[in-house]
Amino acid sequence: MSEQIKFYQTGTFTVGNRLLDEARRTVQSMVTRTNSLNSGHRACQGCGEALGARYAVDAAVAVTNGQMAVVNATGCLEVFSTPYPQSSWQVPWLHSLFGNAPAVASGMAAAAKVKGKNIRIVAQGGDGATVDIGFGCLSGMFERNDDVLYICYDNEAYMNTGVQRSGSTPARATTATTQGVGPEPGNRFGIGKNVPRIAMAHGIPYVATASVADLRDLERKVVRAMSFHGARYLHIHVPCPLGWGSDPADTIRIARLAVECGLFPLFEAESGKVTGRRKIRRRVPVDEYLKLQKRFANLFGAKGDAVALSRIQQTADENIATYGLDDAEELTGVLRI
Amino acid sequence: MYQVRFHGRGGQGVVTAAELLSVAAFMDGKHAQAFPSFGSERMGAPVAAFCRIHDQPIRIREPVATPDALIVQDSSLVRNADLLAGLDHTQLVLVNTRLTMDELKAEHLKKQVGLQKIILLPATEIALEIVKRNVPNVIMLSAFCAITGLISFETLTKAVQTKFSGKIAEANILAAEKAWKLVEGLGASRMEKPEWEVVHA
Amino acid sequence: MLKQIEGSHAVAETIALCRPEVISCYPITPQTHIVEGLSAMVKSGKLAPCEYMTVESEFAALSALIGASAMGARTYTATSSQGLLFMAEALWNASGLGLPIVMTDGNRAIGGPINIWNDHSDTMAMRDCGWIQLYAESNQEAVDLHIQAFKLAEEISMPVMVCVDGFILTHAYERVDIPTQQQVDDFLPAYEPRQLLDPDDPISIGAMVGPEAYMEVRYLLHNRHLQALDVIPRISDEFENKFGRKHGGLVRTYRTQDADTIVVALGSVNGTIQDSVDDLRDAGHKIGSMSICSFRPFPLKAIRTALQHAQRVIVVEKNLAPGLGGILASNIRMALRGIAKPVTTVICGLGGRAIMKKSMSECLVKGHQDQLEDLSFIDMNWPAIERELEREKTTRRSGPMAENLMYAVSQDVMPEPVS
């Protein structure tokens, strides 16, 4: 089929439809899919990270013909995927420490190289492991341009330890360490890190943001990343119903709203320059995204804060302007492999 | 066991001198140990280094407290407390200077060691003349070997060639030769010969 | 081949002979010359195939090797002091996962206050991280221990750290016999991992272990150390057969047969102690010494056997455990459980303070005559300490301890004589 299918009309499921060319179908629709992250893991109902990880690693396995190994930082993914005495991973998988996944991955890549084995290395961790405690190691891996794809699953807080603020927690989000009390409830404005942009500043071959709202786009970016050698970074937005105070059934919907309101821009970059972005096809105000999550309850209702809300809206507006996400002329998100 | 203590300032190659002496002794089939005093290292700061030479394996690791010989690469240190310590058994003090004994103002040194054991040598001048750099360490070492008879000139040359190459090595060896000739006669006449016997490999 | 070279260069040359496949490097005085030497060898192609990684911290240095070792590579790094502490988490991780990484620690004091000179506080602080800890007495032993370390680590699947006194050994020029490549190849077979990240046979390494099994897993680690108590002497014997030198092993005694007093220590200070022992023997004192090479696993039986006939034991340590005193002494007392004999701790050489044979001999004579306190110090500047304590008593805002002491010490130094 040569016609462009507008998948936003039919939903993600249809990307596996048998009427499509095999080459355009998602990995998940293949009988031979790995389920590198097998069922039986202990993630919460509606866990965005479990969904994102399975899609991401399956895509990596498919494109490398299984010749790959994974290192996982401590965190939700590591804990729920390997509950003693079981493991739900079907790929070679190593867990070392919280803050060293990028460094461990660098070592794995060096070993594969010295032994002449074409085993590709994927490192993964949550925002805590990536943005905070592992940041030094991440930067080291970037500057050495080690042949590693690092995937950050960003649920915007230290979830596994009970929802504490990380360098990725957005403004006004209530966490256990930025509680929803006092004159400035939740996480403060004006702090936090933009690691995708920091990754770009290192000039590495490929950087991209992705979301579980658009799984086919996520897969495509993993495949694209694996076509490069050197340091690559993928930052995936993954809602956490428990930590965000949202309905487990709403995970993908909330992820889509984050993209569509502009708070989580989807873009790709190569060697420090933006090369592509996912335009927003139907823009929504930030309220629609925020009001579905109890962590932002401090913005609404009787004790609501219109000023804070407008500041968040401003952040979204700036993202849209920066990346050119709101262009009524051009159609959004047509998926090409 | 023969113990040498080197004094100088950072950047003058004091540590290299001690290492070179140990390499030369090794080439002659001796056991030798060389190490620096580990002060904060920066250009110009006082530095000491030590070398022990012995027939048997050397087990002791302490800094040389009672040197048989003192090699002073920077004459501004002759009144330095560390330099003046433990000189009761010292048989030779070699000082790099173009000044005379009177001009040097080394009264404490004279009192400790005795005039006949102090030899002054303008090593810096020789270095500048022949090597064209202010690094007097090989020259001082050469004079030391000539006076004590500890190491032959041939062995010293071989040792120098392990550390330096090309023009630098050549220049240093030339300068060493000049220093050797300058002090050669002084060995027996100016002081008692130490007990050490030089053994050629 | 006999060479007169700096200790760290001797170690670097030896590591290269052991054919490491991945080396990570983060600089810290006084080990840096080792990794610099290796970097030159890798860059020139002399050591190949080998991947040399310049990483962003010691934590990264060991973490990278954890990954590389899990992928089946023979791995090596070196560190000291602060660096060893910075990789603390990774030390436990490496031993917990049973990865046969070999690392040199150029022993250096831990700050604060910052101090770059030698003592054993760094490796002592990490004594229970699960790594095998071997201490070298000389640069020749440092060379020999590293070769043995790779064999030991890979045989029992445990990481090994070889402790080499910073500056005193690392920066000393002495005669060393560097083996040939053939000799090392004959002694050290290629690395065959017990566990491997292999796409053809995927496994998960490093999963969480709950209360149901953690105790057993930890016991198995301890058991590897117990195994090592047999493997270490065996490898040392094999080494002696192949290379003709008796280095390594658990402990080594010197003139202890009829000794009434035995002095125990780790590392290079044993050289000075042996010279002291000779002097004291000449003076008629029945004194001997024991050098412990394997500190972890701690050879309880071998130590007990070596010390049991002595009347007293003097433990010389380059580490002061705040609030306690001696660590080595405490461990020695464990070995002598049930045999009542005084074990005194003598602390010396902290932060690189020179250990003079004269002071050592005076101290050992006192000990031999039962005149030493349980805990004593060699060449401690007591007046300076008393002055500072007085100061603290009288002033609340007494200022930083270290700076006060340094000022006091500088005042004590003999002023330059006026010409």
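We call the chains A, B and C, going by the order they appear; numbering starts again at 1 in every chain.
The criterion applied here is as follows: a residue touches a chain if its C-beta (ideal position, glycine included) is under 8 Å from a C-beta of that chain, and two chains touch if they have at least 3 such contacts.
Here the structure is a predicted model, which means the values were calculated and not measured.
**Student:** Closest chain to the protein CA centroid?
**Tutor:** C
**Student:** For the pairs B-C and A-C, output the one whose chains share more C-beta pairs in contact.
**Tutor:** A-C
**Student:** What whole-Å value do you get for the distance between subunit A and subunit B if each is reduced to the mean of its CA atoms?
**Tutor:** Result: the chain centres lie 67 Å from each other.
**Student:** Quick one: subunit B and subunit C, Cα centre-to-centre, how many Å?
**Tutor:** Using C-alpha averages as centres, the distance is 34 Å.
**Student:** Cα centroid separation between subunit A and subunit C, in whole Å?
**Tutor:** Each chain reduced to its C-alpha mean, subunit A and subunit C end up 45 Å apart.
**Student:** Would you mind listing the residues of subunit B that make contact with two or more other chains?
**Tutor:** none
**Student:** Could you pull out the residues of subunit C that touch at least 2 other chains?
**Tutor:** none
**Student:** Please name which positions on subunit C make contact with subunit A in the complex.
**Tutor:** Per the touch definition, subunit C meets subunit A at residues 21-22, 24, 49-51, 53-57, 59-61, 63-73, 75, 89-90, 93, 97, 197-199, 202-210, 212-213.
**Student:** Considering only the defined contacts, which subunit A positions touch subunit C in the complex?
**Tutor:** Going through subunit A, the ones touching subunit C are 66-69, 71, 78-79, 82-85, 87, 89-97, 99-100, 103-116, 119, 136-137, 139-140, 143-144.
**Student:** Would you mind writing out the residues of subunit C in touch with subunit B in their complex?
**Tutor:** 2, 4, 6, 116-117, 138, 167-168, 171-175, 268-272, 274-275, 352, 354-358, 413-414, 416-417, 419
**Student:** Mind pulling up the subunit B residues that touch subunit C in the complex?
**Tutor:** Contact set of subunit B toward subunit C: 18-19, 22-23, 25-27, 31-36, 38, 57-63, 65, 79-81, 84, 105, 107-108.
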